[in-house]
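A, B, C and D label the chains in the order they appear, each numbered from 1.
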Amino acid sequence: MVVRVGIVGYGTIGKRVADAVMRMDDMELVGVVKQNPDYESEVAVRKGIRLYTYEDKVDKFERVGIKVSGTVDELLRSVNIIVDATPDGVGAENKARFYEPMGLRAIFQGGEEAEVAEVSFNALANYDMAIGKRFVRVVSCNTTALTRLISAFLLHGYKIRKVRAYIVRRGADPREFKKGPINDVVFNPATVPSHHGPDVMTVIPSVSIVTMAVAVPTTIMHLHMVNIEFDGLVSRGEVIKVLEETPRILLFNSSSRKFESLAQVIEWARDIGRPRGDVFENAVIEDSVTVFQNELFLMQGVHQESIVVPENVDAIRAVMRLMDKWSSIRKTDEVLGLITEGKNYALA
Amino acid sequence: MVVRVGIVGYGTIGKRVADAVMRMDDMELVGVVKQNPDYESEVAVRKGIRLYTYEDKVDKFERVGIKVSGTVDELLRSVNIIVDATPDGVGAENKARFYEPMGLRAIFQGGEEAEVAEVSFNALANYDMAIGKRFVRVVSCNTTALTRLISAFLLHGYKIRKVRAYIVRRGADPREFKKGPINDVVFNPATVPSHHGPDVMTVIPSVSIVTMAVAVPTTIMHLHMVNIEFDGLVSRGEVIKVLEETPRILLFNSSSRKFESLAQVIEWARDIGRPRGDVFENAVIEDSVTVFQNELFLMQGVHQESIVVPENVDAIRAVMRLMDKWSSIRKTDEVLGLITEGKNYALA
Amino acid sequence: MVVRVGIVGYGTIGKRVADAVMRMDDMELVGVVKQNPDYESEVAVRKGIRLYTYEDKVDKFERVGIKVSGTVDELLRSVNIIVDATPDGVGAENKARFYEPMGLRAIFQGGEEAEVAEVSFNALANYDMAIGKRFVRVVSCNTTALTRLISAFLLHGYKIRKVRAYIVRRGADPREFKKGPINDVVFNPATVPSHHGPDVMTVIPSVSIVTMAVAVPTTIMHLHMVNIEFDGLVSRGEVIKVLEETPRILLFNSSSRKFESLAQVIEWARDIGRPRGDVFENAVIEDSVTVFQNELFLMQGVHQESIVVPENVDAIRAVMRLMDKWSSIRKTDEVLGLITEGKNYALA
Amino acid sequence: MVVRVGIVGYGTIGKRVADAVMRMDDMELVGVVKQNPDYESEVAVRKGIRLYTYEDKVDKFERVGIKVSGTVDELLRSVNIIVDATPDGVGAENKARFYEPMGLRAIFQGGEEAEVAEVSFNALANYDMAIGKRFVRVVSCNTTALTRLISAFLLHGYKIRKVRAYIVRRGADPREFKKGPINDVVFNPATVPSHHGPDVMTVIPSVSIVTMAVAVPTTIMHLHMVNIEFDGLVSRGEVIKVLEETPRILLFNSSSRKFESLAQVIEWARDIGRPRGDVFENAVIEDSVTVFQNELFLMQGVHQESIVVPENVDAIRAVMRLMDKWSSIRKTDEVLGLITEGKNYALA
């Protein structure tokens, strides 16, 4: 079966999911919904992606010479599932207005409240819970990275007493020139915990986690400083082994490979030819991995633009019952070009 | 007695200590050592500060019309104590070359190794240990802020089980245009613990502390996310009270006063007329102060340019046996214009 | 006569004009209008400035314990003149709603359209045209700086054929953490000329000027690269002399004084003790002043937060017929602490 | 004939030229010289690129498990031509030490003095002058962009009276985390003209050009604001047509395509699948193209990392007499994926 996928919202996430879907042989990208005719619309058309828009916006596209293939209604009527990658809160509106009444399945993003969906999703953590569900929410970039990291240890049988994560958020995506800050650190939020901790618990309810977050003037990646307390002693060697064999987690070495900053992680992705320089994996800084008795400390970089892309692909498969968990994760990773060397696709 | 003070190194710290010393009625600023004739030298002369330099650099000053009052030797021979505010490592060289052989007392900065001095100093934590010593080291900005915070609780009789602090460092001082990063988060260092944890223990050896640090593209303040685990339950109310009454710690409220970022803390300092917009106090974000059982979480801003200034003044007094601990702290705070309302200058 | 001044809008400009007015012995600050109770409001109260607000906002202030002295109406009824420092476009609304019907005089800022006032004002350029007028608009920071520079030459009898100015705008003010860009150069605007050229012509209609502008990720100052073509040859020496003796223009030397960047201009202002580190003057980079035949090239820094402050003070005097042009300019400069050495306060 | 190419220096430029050479069917990449084993070295090996290093550095590579194919000498002995992409000034040393004595042909980069080579090169401007030469210098990124722009008009028969260009430089490349500035505009240099003007004249000696330059806290692209005075009137329509049909120049429209900043030009390159998000073309902002009588104003973005890559490829062909000018330019553009629609590859 080839699943017919439509994408509503063609921004940072939507355009990446579109490209990913086009590369999967068990999926077909029917088209994407775009509200404004701009360079992103033009590039989509050049790539052979069909654009759909709201009826009252068709004119705007035609006026600047960008071809529209139809209206949103037309797209929705010809797909099996929607990936909704609209800005925060719009997904819930779309659900009430379109997906619910039309009986459509949909994948939402982490900007939506957990209540929008039956399951908050991360492939490593709870793929099976999304199988056959109608509405699934792929959690946000920071939550995805934390959930993967925690899952790595849970899948290897470790017991975690508590997680404390300190998040240094990028202020904006590269093209968002109106957003700051410029020379500032913003308490984002000033209150504790930030929403990330509770959000992780929508996926892994059993974990005790507190998070704090600030935003800084960068556009490239988030940075997490993580402190995990295990039930019992662990060794650095064990931790490295867990991280090495867990899919979607990569180790970047500062001393032997000179990864001394997040920009160098991105540079690596550009150099190896990743589309858009994307880093789909958690970028764990190997030299930071430190164990004191039962406490683990580490830093990880989180590429906010792309980390949820493989999760969206897997979420489609789970909802559409296309494949079992590890088959889907492996297929997604292989097709998208994630590093698969040494990874164990049969954990737990 | 009026102590005759000389300052070697007239950069970010040195020029502020110079201004502070000039305002103290128990101290006299004899002069400062500067290596290069530039706008800072010119401003010093305009303020009536005598410049001294190395013999082979006198010419450089004269050529551009900046008056030099004498050589370094001449300055050193006419002071009771030196504040060495030279770049990292130069202080140790100066000690061996000048201060030791000349029998001079000296205050060093946190860029030097702890071994340069008999005591690593923070006024709240261990003023008494510096009394009458010959060489004292004022710890660096981040260490000073952590030490003050920990001392606040120790002085109030709390027992601390452990401290975990996550430091988001400013990349450079405002005028350091050659230093980055521009759009990056640097693992600084990638290894754990960063030097800050061990450095705190040079002042408070009994504390169990681990720190991690990254650097970001800002010039204004460091930001700490701190997690303190107490021996036993604490309440948020108690914590707030401790912070309110401890000198050199200020609470900034995000919800009622709209302190939503570090730049607004600096803006406040500019608005109330602080010289150079300096924030001599730990800037604790009140809304971030959160307690879960025996764990405290909070954020604090650390003004890297000025936070050690009051500590240098107190260190001079301790070395010169001018005054007891709380008299010195209070006097320094009053003269420099720190907020003294509600502060208890007779803790412990 | 002491003029009773009220200030509507207490942000970046308003709070600086308030401080300036308080320092003038021919003016009295009756109070300021503030819409939100925040740290700026609290600082104002601490400084003894009376706060006024809209009737429906009094509660908000009282709830967080910040004292309000009355309503906007009450303030407006007790002043001779208003300085309106509200955000772009609000000044025009205030004029229609309050100042016109109440017969009040008002000074507007450059964010308003020129039509809001009878005269677009710069003290050096056209002080006399504002004498006795009811509504005067102090042009924006970039326009003020360009107007001063052009006036310097016109006041010395030079004929200017054309001016081409290339403006590198700071992206936001220091405390505006929501505004970007972070890692970008924004075409602001993409079209030519930017509004600055035409805006200069509202003050000096005879000048032929084209401007282009981009915005960059800084918060400290604007930077102008200026190309002036004179009617006939000029020498660098003449130009330097003109700039040296024109009030409100300062030369910063890169080679002898190490002013190598805008941040060092600000550092100088912090070091000499300017309130908030303000630079009221055009900061012309001396080493950039270059003449090829009849063409002059130079760079100047423009401190967006403070450059219009002296102009607002002078505008009040002109409207209220307090003093003649050069007396006002000199008095403003002396009281605010601008550099007056070598300045000629009797040009043209 | 397939030319055997070696690359000395495998950084920002070197690695891109290596990738480009590998894609050309008339060239073979023999290997690259790298001094340090890091992630760039590892990626090169993964791509099948042979690494060569200095004899005393072989150990360093072996110690961290990165394979070296031989020493620099070995590489040099097996190539027809070297592209030297080492840091500023090292190229000249390499020439004296290796290329001259070994009788090797070499292409240098713009960081070298013009004297290092017989010709300073830009394909549009002076391809023919490099034919058969032994040492050719591809001018730097900013100079390349200015030279292309000027050539566009010269190739269409326009007479240029003078060019004035105002350059807003990116502070560092994306991965250079040690370089600033962070919150500053640096006079780079403070003097006029900056080196770019004279450097353009090494390629097009007849043009009268003055340039000024500052550096800002961005890593993505340089921005030029250009003012060209023609001998006689021109129309905007003509200018647009010239730019549209000149190879290696692209128009980006702000109003119809929402290119409002440089980051959006890069976003476009990422979206269309350019390797590393590279923009090999001058990115002229269409809305900025403005003509007043005989004066043209426009803005262009210059991707410092990649703009010289096609020029290096063409320089190899010219030196090796592989092809005539327009055949080479066209082939380079087609293979590297530059936009060729509407371009005229038979100008002048």
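Quick notes on this one:
Everything below uses one rule, namely that a contact is a pair of C-beta atoms (placed from the backbone, for glycine too) under 8 Å apart; a residue touches a chain by one contact, two chains touch by 3 or more.
These numbers were taken from a predicted model, which means no experiment stands behind them.
Comparing mean CA positions across the assembly, the chain most remote from chain C is A. Two chain pairs, A-D and A-C, are weighed by contacting C-beta pairs, with A-D ahead. Mean C-alpha position of chain A lies 42 Å from that of chain B. Distance between chain A and chain D, defined via averaged C-alpha coordinates, is recorded as 36 Å.
Between chain A and chain C, the centres computed from C-alpha atoms are 47 Å apart. Contacts with at least two other chains are made by residues 174, 177, 181-184, 186, 217-220, 260-261, 263 of chain B. Interface of chain C with chain B (complex): residues 15, 36-40, 42-43, 46, 64, 174-175, 177, 182-183, 219-220, 252, 256-261, 263-264, 266-268, 270-273, 275-277. Against chain A, the residues of chain B that register as touching in their complex are 164, 166, 168, 181, 183-187, 190-193, 210, 212, 214, 216-221, 223, 225, 227, 254-255, 260-263, 285, 287-288, 290, 292, 295, 297-299, 301.
Against chain D, the residues of chain B that register as touching in their complex are 171-172, 174, 176-184, 186, 217-219.
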